[in-house]
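These notes open a run of structures that come right after.
Across the two complexes that follow, chain A remains constant while its partner is chain B and subsequently chain C.
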Partner chain A sequence: MKRDLLIAFRRSATYITPLIFFLIVITFFPLALGPEQKLLSSLAPGIIWIAALLASLLAVETIFNEDFRDGTLDSFFISLEPTFILVFVKVFIHWLITGLPLLLASCVAALVLYLPFDSVSAMILSLILGTFFMSLLGALGAALSLGKSAILSAVIVLPFSIPTLLMGTSVIASAINNQDYTGFLMIMGGMLAIGIPAICLLTVEALLLSYD
Partner chain B sequence: MSLRFSYVKLFGKIALSMLPYLKVENLSCFRSDKALFRDLKFDVLPGQNLEILGSNGSGKTTLLRILLGLLKPDAGSIFWLDDQQNYNNYRTFSCFYQGHQLAVKNLLTVAENIQMTKASKNIDIEAISKCISRVGLIDPDEYASNLSVGQRKRISIARWLLDFHKIYFIDEPFSALDDEATQLIQDLILDLNSKGSSFVITGHRPSGIEATHINI
Partner chain C sequence: MGSPPLFYRWSSKALVWLGVSSIIILSLGLFMGIGLSPADYKQGDVYRIIYIHVPSAIMGESIFIFMALCGFINIIWRAKISGMLIKAAAPIGMSFVLLVLTTGSIWGKPTWGTWWVWDARLTSTLILFFIYAALIGLHSTIEDKIKADRAVSILAIVGVAIIPVIKKSVDWWQTLHQPSTFKLTSAPSMSPEMYQPLLICVIGFYLVFAFILTLNLRNEILERESSKKWVKEVIGNQS
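Up next is the complex of A and B:
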């Protein structure tokens, strides 16, 4: 874990690129749609979530590709440690370096898109759960497209991210309308709880397929 | 009576310590209906080496990967010795593997590349320094991206020394090395053999180390 974190911080593009992409997408919408507060506020949940989803996919390629190319991936499977735990650690690191900065950037997005202050906490909670799930899906997509184009992993992952997108936007939209959003958060939490063991195990199998 | 019993105990210990770490029986692998190797049978004994020889594309790396569980064989069995001196079809001890790619990270220094291989929390800096100097590297703070291929290979070799492994699986350890580096590896292999470690290495021709040869 320490090694991967050190490499990630020394390769600043890994965490800066998704952040800048997110902020650029967020700022393009007011430029394209006009500065009308009511319009931007109503579209804010969808805009924030689409930008977060696309930004978190940008660094997906870095999860396994470098390890595959330089042979480090072999040591995953040869060590006596449970491989799915090693995969979970890789996913967690990916979330730390891409998802966590997005949470901070989402506060800027809330300002730009006139999101009501009361719904910011709901937005952050939904992004915590949703971006982690996206990192999980991204890891699976990266494992399935190992050694191939990064676009392929995005194509694999995007359809499966629709439930996360729907739940995430529903959380923020409910918060804006002063409705109860805990149900949506619980669904996202449940998806994550099931997703962590299931997707990690599937990712291990997908990585092993690359050896055939 | 007690003297005879002592001899029996000593003989028993020696016999047990000569049990192969790894036993392979009738191992076969096919690719596109063509046999890469067929009915391979060999043992890897403590402190003894095995050299797998073959031309490019003959299946040497595939054989290593099958032994390590990265690929499944088409036929045959692999048995690993455990701590209770029983054989299982799964491995219970750690092995070292060095493939063609060396697993050296460009964004880490020499010391970091070696240090972060070891999972233990108590990383002995002195041990790492000894490993670095033993393989002829000078600056532990030099980034791997600034090193030549031969120097990067020395980083990988330094990792051999950090922990005790019963078996080292090394894919073409002598390729792209000068005479000095070749002698270094041969000396290290001898040294580790004396401590009970075995080497399973691949190559195009015999490397000159004392080993059983298998041609595929």
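Up next is the complex of A and C:
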């Protein structure tokens, strides 16, 4: 745990790169669609969510690769702690490093995409839940395609991230319309509640595949 | 049945039965449906594509549930044949989902006025198509077949969550696609002359699936066990 945090802080690329990727993707939309305020404002929840989805997915691509190569992953399976807890901790720390800066960047994105100011808090809440779920899914994808191409991992994970995308954009959209958005947040929380144990267990299974 | 050489020998006989019965029943269903059943009062004759569209939909979903079950058996009991079944069934399932989407598009243009709409059922079926593609892609990139089977088993188990979403999508959301005709608790909302051929077509499609699955599985067994003596004998006998 501490080791991961130390390594990540020393290599600032780990947490800066997803941030920059997110901002670049956000920038592409006004460039591609035109800078008209009304258009961008109406599309802003979707654009921010798609950029966050892609950024958090690509950030976890290499979460297991280095550990696999230098043998640290073996110690996961030998240790006394249940492996899926170790996997969860690893994903959580990774998300703290890569996902939280994303939240700050999303405020910048909200500004440049003319997202109404009142819905920013809803956006942040939805992104907290959503990016963590994406990190979990991305970890499963990374484990399944350990050592192979990243785009395969993306193809595996993206269809399953569609519910998160739908719920997340609904949160922001209902906040814009001044409707109650807590229902959607509950659903996302529920997906996390079921997803955390289930996905961590499946990720352990997937990692074990590379060991026989 | 779990032993590859035994299955191979048994399946040669099963293939003949499956092939003949699938041709007979499917032709009967399609003839009764497309030829004999009465025209719909609103849609006219266009609705007859239902005799391909609905069975394909049922197959696409059932095959995925089948793969998830095989995946479960493969992970827990490590039965080799259940892993091979997933690989054999996946392309068939994906073809059926592609068939649903295209026949649905063709049906939608004259009746709804559009080739596509992003409603819950169509979108979730499209997601099913992507999950099938991801599964087949994952299996083909892993060199070791046993490991590939297990990776794909995990993916199948996770992916089966989309099936209830598809089935219930017309109840949970406001969709352009009509609600289900066949319900567990009440009589179908179609007239008997229309839904009887439909049921026969569904059975026919299941038989076609079983036939193609057996063919695929036989190929898969021959390919994987190609170093064994019994395979060399079989190939030797045939050439």
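As a convention for this text, the second predicted complex is superposed on the first by the 212 of 212 C-alpha atoms of A that agree within 3 Å, B and C clash if a C-alpha of one lies under 4 Å from a C-alpha of the other, contacts with A are read in each partner's own complex, and residues count from 1 in each chain.
In this section, a contact is a pair of C-beta atoms (placed from the backbone, for glycine too) under 8 Å apart; a residue touches a chain by one contact, two chains touch by 3 or more.
Since we're looking at a predicted model, the values are computed, not measured.
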{"item": "Fit or clash between chain C and chain B when superposed on chain A", "value": "fit"}
{"item": "Which of chain B and chain C A:74 touches, first, second, both or neither", "value": "first"}
{"item": "Angular separation of chain B and chain C about chain A, which is computed from CA centres of the superposed model and rounded to the nearest 10 °", "value": "90"}
{"item": "Partner chain in contact with A:160 - chain B first, chain C second, else both or neither", "value": "second"}
{"item": "Partner chain(s) touched by A:38 [first = chain B, second = chain C, both, neither]", "value": "neither"}
{"item": "Chain B versus chain C - smallest C-alpha distance in the overlay, whole Å", "value": "9"}
{"item": "Doubly contacted residues of chain A, that is, touched by chain B and again by chain C", "value": "212"}
{"item": "Residue ranges of chain A in contact with chain C within the complex", "value": "140, 144-145, 148-149, 152, 155-156, 158-160, 162, 202, 205-206, 209-210, 212"}
{"item": "Residues of chain A defined as touching chain B within the complex", "value": "2-3, 6-7, 10-11, 69-72, 74-75, 77-81, 208, 211-212"}
{"item": "Touching residues on chain B, where the partner in the complex is chain A", "value": "65, 68-71, 91-95, 97, 99-105, 107-108, 112, 116-117, 119"}
{"item": "Chain A-touching residues of chain C, taken from the complex the two chains share", "value": "75, 127, 130-131, 133-134, 137-138, 141-142, 146-147, 150-151, 154-155, 157-159, 162"}
